[in-house]
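In the two complexes that follow, chain A is the common piece, with chain B as its partner first and chain C second.
Right after this comes the complex of A and B.
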């Protein structure tokens, strides 16, 4: 259906006027949003945007390069702690501290990529998982990182702009998110991205074709860790307070779930999955206040289950989403989108 | 200290064996193993406390429940997977794990419970000048007995042979008249049973919805260290892990005790990517 005649046709950002139109609509919606909705929803949007950044980065690693990572909370934590420490201890400005911390995360990504060269499947899963747990444990025990008490974020000042409210932060975060998403999209269309995809499809074949496995696999880990590091640094300023207990294994699992639910190997999928799951995460935290089902669930909990454990319903919901997506639509939300598009193109035939 | 390391290792060994049994036959790294054991432990608690069953009825019921749960999960979920990849299996089992944990903690609440158990965890016996708690001794004993039973089962029984055949070559096993699907289901049942003994042996010490995380991950790590496809490897890895962990906790630093396990795993995997006890299969293009 879309035949590509030359390279530039393949790399262009907007394949048709329709795509450009919707992109502009989306951009203007994002731009207008802070002026029309309540403060809480700005917070939700910030939360979603940060998860989108991580999911895009993780998708480069999992979806495009075909490696598994259960340790992204570790990179996320490095980004968060790195940014705060660089700002408070070394008095870096924010715009310098954030990429610097993300580069530190990328360095750790490179280091984790080295053993990953020889591992695959469950072996890689346990190695990355161990990395994530180790980072959290080490951070929680060292005085410099605030120990178990955690750290407060310093005041956020860029030039003469004081970012005090969620609304101000939104104005910083959204352009960054869009920039990073476009960056990832362009990266995939370059030589590097093609090398990643070749490694995913068959690494030995890729090596025979002249793809340097050592370089590109570690690069994939580093890029993915860089994205997670940026997101972590930003996340610290959304919460305004960080402690080691935030960066758990559950967080790594949620990141992986976002990528898988959204759709492996697609930027759109990463965005959709991250948006859906992080929105659900915030909604399900106070599930009893939800209209209609809240009362019913409360009665159910009192009669058959226990009321103290009602917040665990969110795990059940996430578990079901993950399993159903894997069983019925392995391509995730992106796959559903493609199928719907195809169906309506030929409708009613 | 070595003794308590061995005791901790026994728990890891039970979990590790349970994971190896599943991975061997179906190549599924089962992250839900710990929560299957958790569900069984809480089921036992419910039988003992709310229904007031005596031990000799409650424990066999728990074992049956474990087997049933394992078979059910395989039949209802894993068998339905369309295009199985390792990542797909990891996501599915993590999903199962979240559902089971969510259900258990929704049902029983977040506060810790106490499990009535025939042996108190605080009793201890002196053997040759070394004090060992009788629960640890029981754990060690159960692990050893199960190891021997599993060994005999896979080596000599018809069912065990059929399972091994299923693992080695699915199509050939099917052609020989083995109902491979049923074998996979039974594998899950047996593995769930092995895992649930670990859960039941931990439950007198701690009984809360997160209790199986640590043993499951350590068991998984031990199995990976041993090579994921060999039962003796998993057992050996588990004991090494338990002993090193306790020695490190005793002599170097108690704070980083649980970290050292994963550092060892990564180091071992750097040198032998497929674990200590398994041959390295080179993938064909």
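Right after this comes the complex of A and C.
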């Protein structure tokens, strides 16, 4: 064995030149995108990136620590409302208001983590569900939070940079997303991440090795809520207007679906799942405009599926795609990725 | 000074008295074995010592400090490590990472340092390298080089037991609890395991509490033996004494109708 081996190889970001190469290609694509595509697609990219941030955070909780949350729309809402209120009422600059609001979300995450010490599986799911539902109800009742009317975002200014368009916002959002993704990956490879995975795989053994279950379970909730909070604060500026009705149970479920469809316990999976589902969510709305198939699908939907007479085929296609992915690859998109990689390594045999 | 002592320990589950009146003391550097038939309460005793169960009565003293009632992670901090009868490894991590978990208490990287591991000279990068080197020494000691980067869930049973031992050693314990380290192993693997346990006792100076069913092995490596049955102590002493004790023979071999073993 080569004794001069450097142990950093085990945890380093780029395990080989090939990985580094593809990372640079990806970065270049992200960098040139705003110059080559239509404005609408910039908006789509922003929407995708925000979902990616939530999915990465939720994956730390669900995929790595083995807990579950059906209340992430609640943390998302806290981030969105917190950022706007800190900016309008307390005149915080955006770059301070965003992490501050996310820290508030993290605090709520910590509090929600406390019942998680005693609850597991379906019981924990219901407890977190209750949290998600409560948050939107409470926000809708408080005048300071804009009540049912909601809130408009203030103008976004960083230093002397006025971010007016989706394109400007893209330039702020993408570096943040990349930074948060790499941060999560590093976290998983070091002490805290290992403790999370240990709790998921064998909690009693983890405790026996000195892992404080109370601390690390609540920490997983707090970190996950922090990511959701950051994403929420950014989402407010994509929509430019927020109201309690946005942060529904359906949103929490979609976040969870992204993580599961992407592949539990993999940063790549969270990114792929969030990208696919949020892209489908936006694109399937246009399914009826497709040539030939569009008319046929609309007729099919109106005649056989819809109760109200309004075409609902996009939801059906959406659900169908999710079922197919789970059926053929229970490990999600990450599993498909691993198989493809293996196939090409062996090719042409 | 007593290194480790259990005084009058008792625990019951519902109406079932799993342990009652268990008292013994272990000297530093000893291999102390606990034997008894299935269901005698051996693993329950380990679970009490290690903090998974909270005993109903009695005290457990480790290095002059009472540890009964503490949580397992607090007890680990005192310098006590254990392995499990039914392997409890982290199946989705590789061997290296599993053993790294044993270094948990020695590492200081938190969320912020962890997320900011940009390069090998960052705080987290330096700490990872230092502790991985330490783990490599344990890997070499237990000859696990070949499975270093393999997921432990896919390893053969005997190797998994070895990884569990390695993970416990990474904690640098002063007292090591081994719950049937040789169960399910073939004779060659058993020989290796006995060899390592002796090594751990002699070279690392670790005191060992051992549960084992293989009588030959127990007689070979233990300095003293405690025999229990139905949660109560039968006898305690040197291997040759315990082996001849009529109650032990009775518990292990059964009894004829006329009362003769």
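Everything below uses one rule, namely that the second predicted complex is superposed on the first by the 316 of 349 C-alpha atoms of A that agree within 3 Å, B and C clash if a C-alpha of one lies under 4 Å from a C-alpha of the other, contacts with A are read in each partner's own complex, and residues count from 1 in each chain.
Criterion: a residue touches a chain if its C-beta (ideal position, glycine included) is under 8 Å from a C-beta of that chain, and two chains touch if they have at least 3 such contacts.
Computed from a predicted model, the values in this text were never measured in an experiment.
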#### Entry: Partner chain(s) touched by A:22 [first = chain B, second = chain C, both, neither]
neither
### Message
Between chain B and chain C, whom does A:183 touch in the aligned arrangement: first, second, both, or neither?
### Response
second
### Task
Figure out whether A:296 sits in contact with chain B (first) or chain C (second), or with both, or with neither.
neither
### Task
Based on the superposed arrangement, let me know which partner A:314 touches: chain B (first), chain C (second), both, or neither?
first
### Query
Between chain B and chain C, which makes contact with more of the residues in chain A?
B
### Task
Could you say whether A:130 touches chain B, chain C, both of them, or neither, answering first, second, both or neither?
first
### Message
Output check: A:204 vs chain B and chain C. Expected answer is one of first, second, both, neither. What do you get?
### Response
both
### Query
Across the two complexes, what residues of chain A are contacted by chain B and by chain C?
202, 204-205, 208
### Summary
In the complex, the residues of chain B that touch chain A are 23, 29, 77, 80-83, 86-88, 90-92, 94-103, 105-111, 209, 213, 217, 220-221, 224, 228, 255-256, 258-259, 261-263, 265-266, 269-270, 273-275, 283, 285
### List of chain A residues in touch with chain B within their complex
62, 68, 70, 114-115, 118-123, 125-127, 129-131, 133-134, 137-138, 141, 202, 204-205, 208, 249, 253, 256-257, 260, 264, 301, 304-310, 312-316, 318-323, 326-328, 330
#### Entry: Of all residues in chain C, those that touch chain A in their complex
50, 52, 71-73, 76-77, 81-82, 84, 88-93, 96-97, 100-102, 104-105, 107-111, 113-118, 120, 124-125, 127-129, 132-133, 136, 145, 167, 171
### Residues on chain A engaged by chain C in the complex (per definition of touch)
1, 6-8, 10-12, 183-184, 186-187, 189-195, 197-198, 200-202, 204-213, 219, 223, 265
